[in-house]
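Read from first to last, the chains carry the letters A, B, C and D; within each, the first residue is number 1.
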Amino acid sequence: MTVRLPIAVRYAETDAMGVVHHSSYVVWLEAARVEWLEQIGLPYTQIEAQGLAFAVVELGLIYRNPARFGDRVEIETWLAECTSRTLRYEYRVWKDDRLLAEGFTRHLCQDARGKAQRIPQAMVQVLSAQRHGSS
Amino acid sequence: MTVRLPIAVRYAETDAMGVVHHSSYVVWLEAARVEWLEQIGLPYTQIEAQGLAFAVVELGLIYRNPARFGDRVEIETWLAECTSRTLRYEYRVWKDDRLLAEGFTRHLCQDARGKAQRIPQAMVQVLSAQRHGSS
Amino acid sequence: MTVRLPIAVRYAETDAMGVVHHSSYVVWLEAARVEWLEQIGLPYTQIEAQGLAFAVVELGLIYRNPARFGDRVEIETWLAECTSRTLRYEYRVWKDDRLLAEGFTRHLCQDARGKAQRIPQAMVQVLSAQRHGSS
Amino acid sequence: MTVRLPIAVRYAETDAMGVVHHSSYVVWLEAARVEWLEQIGLPYTQIEAQGLAFAVVELGLIYRNPARFGDRVEIETWLAECTSRTLRYEYRVWKDDRLLAEGFTRHLCQDARGKAQRIPQAMVQVLSAQRHGSS
């Protein structure tokens, strides 16, 4: 499944160059994967309730065109990879049909103390079934 | 005791008006009272280690002059009030001898679950002794 | 007119106390008054296109109950005052029928160089007509 | 030249996992490269005064260990590459001798309207002379 999260650019997300600060996209990607989990029926609050977290262990972003205050952008999000302990999400940030940015995040399943954990089998199944390209 | 915390304005703290976004000052005030606690020998990490927090329950700010990227500002901070359960800090934000903003925060002592607590007597004594105007 | 802007709490907006950081509300209020202007037909981008800004000159917030990741909150917003040069917005932050916070911001009309300006007469009329309590 | 910028973790930079949010590192890297430019005698404000900006066009980060409120971290920063139009910085985030994160940013020289520009020759010389590995 691919989810497109609409975002109205906040003034606080811009910087003195008059465009959205590059760190704001990092926050948007997070909101987008939270929405993705929500839509596949596995809300992140439910994952946390099991004492687990998907900590970000890697992040990559390419910025192609600036976003500005007043823009409505969309974060296209999909799960690209799901192993026994890690997830990889990929993202494209759009303003209409103009690509603003693209990127990925990699996550490690951890317990509340930050120790790496296997993703519970039932969760792997739900995630894998919604992985992009899976059928 | 009054503490002056120097802050180098970060580009990420500016907005499309070309000046520092008003929410950034709120973060600066927090850094300043953390430094104040550090300097009176009561680091906030030590307060948290006792299972307590000083949650912000009120905030007021007046903005007089803008700060810009590249500015070095100073947050003048003092404890104005200390009751059995609450603290009130006051602040002035300076760029050299130009007042940029002034404000206050009020805090409630809470346990880890957010329940109001009396500030431990020993802590009240340390805080009160450093309260502005106390002798 | 009163506008209620729904906001899905972002993980990045929380802090180590496990609740939404108090500075995040400041950003939410801004998003809410931007939406208010949008809904009365005076988008902020249009105000900026006239070379004007409504700079925040005062801010007050009282925090009553914490918000958490996963919460859907609503920012109730109205224009409480409109003078020839200033605006005052008031806000309440709700989670369902539970009041989380309430506050206000005061704004000064400025040109692009930060010089105080009279709000153009046509704009005052649009704003005043939508002021809370006006009929 | 390599610069190490010390940073006191701000409470606002943490999240509900109890550690520093991954987007905060992005802001730290920016502060670090601003300090690097300052120390080689080419402050970013001076670059902006010439109508130029080094817009972030790519960003990569690997997170190895969490930072927490109260930590003093250091951002080790160096210029890894300087072409006629682009820069590449590399970073390591340390807590004492423990590596917390490592990453890079790539930048494109732009004018105030966001159009790609050659980096002025004099600036290339100053930058290249301080490039890591240059002699």
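Operating definition for what follows: a residue touches a chain if its C-beta (ideal position, glycine included) is under 8 Å from a C-beta of that chain, and two chains touch if they have at least 3 such contacts.
Note that the structure is a prediction, hence the values are computed from the model and not measured.
Novice: Among the chains, which has its CA centre at the largest distance from chain B's?
Specialist: A
Novice: Could you quickly compare A-D and A-B and let me know which has more C-beta contacts?
Specialist: A-D
Novice: For chain A and chain B, what's the span in angstrom between their mean Cα positions?
Specialist: 33
Novice: Let me have the rounded angstrom distance from the C-alpha centre of chain A over to the C-alpha centre of chain D, please.
Specialist: Computed from C-alpha means, the inter-chain centre distance equals 24 Å.
Novice: Can you list the residues of chain D that touch 2 or more other chains?
Specialist: 11-12, 19, 23, 26-27, 30, 69
Novice: Okay, in this complex, where on chain C does chain B touch?
Specialist: Those in contact with chain B are residues 17, 19, 22-23, 26-27, 30, 53, 55-64, 66, 114.
Novice: Applying the document's contact rule, which stretches of chain C touch chain D when the two form their complex?
Specialist: 11-12, 14-16, 18-19, 21, 23, 68-69
Novice: So in the complex, which bits of chain B are touching chain D?
Specialist: 8, 10-12, 26-27, 30-31, 34-35, 43-45, 48, 69-70
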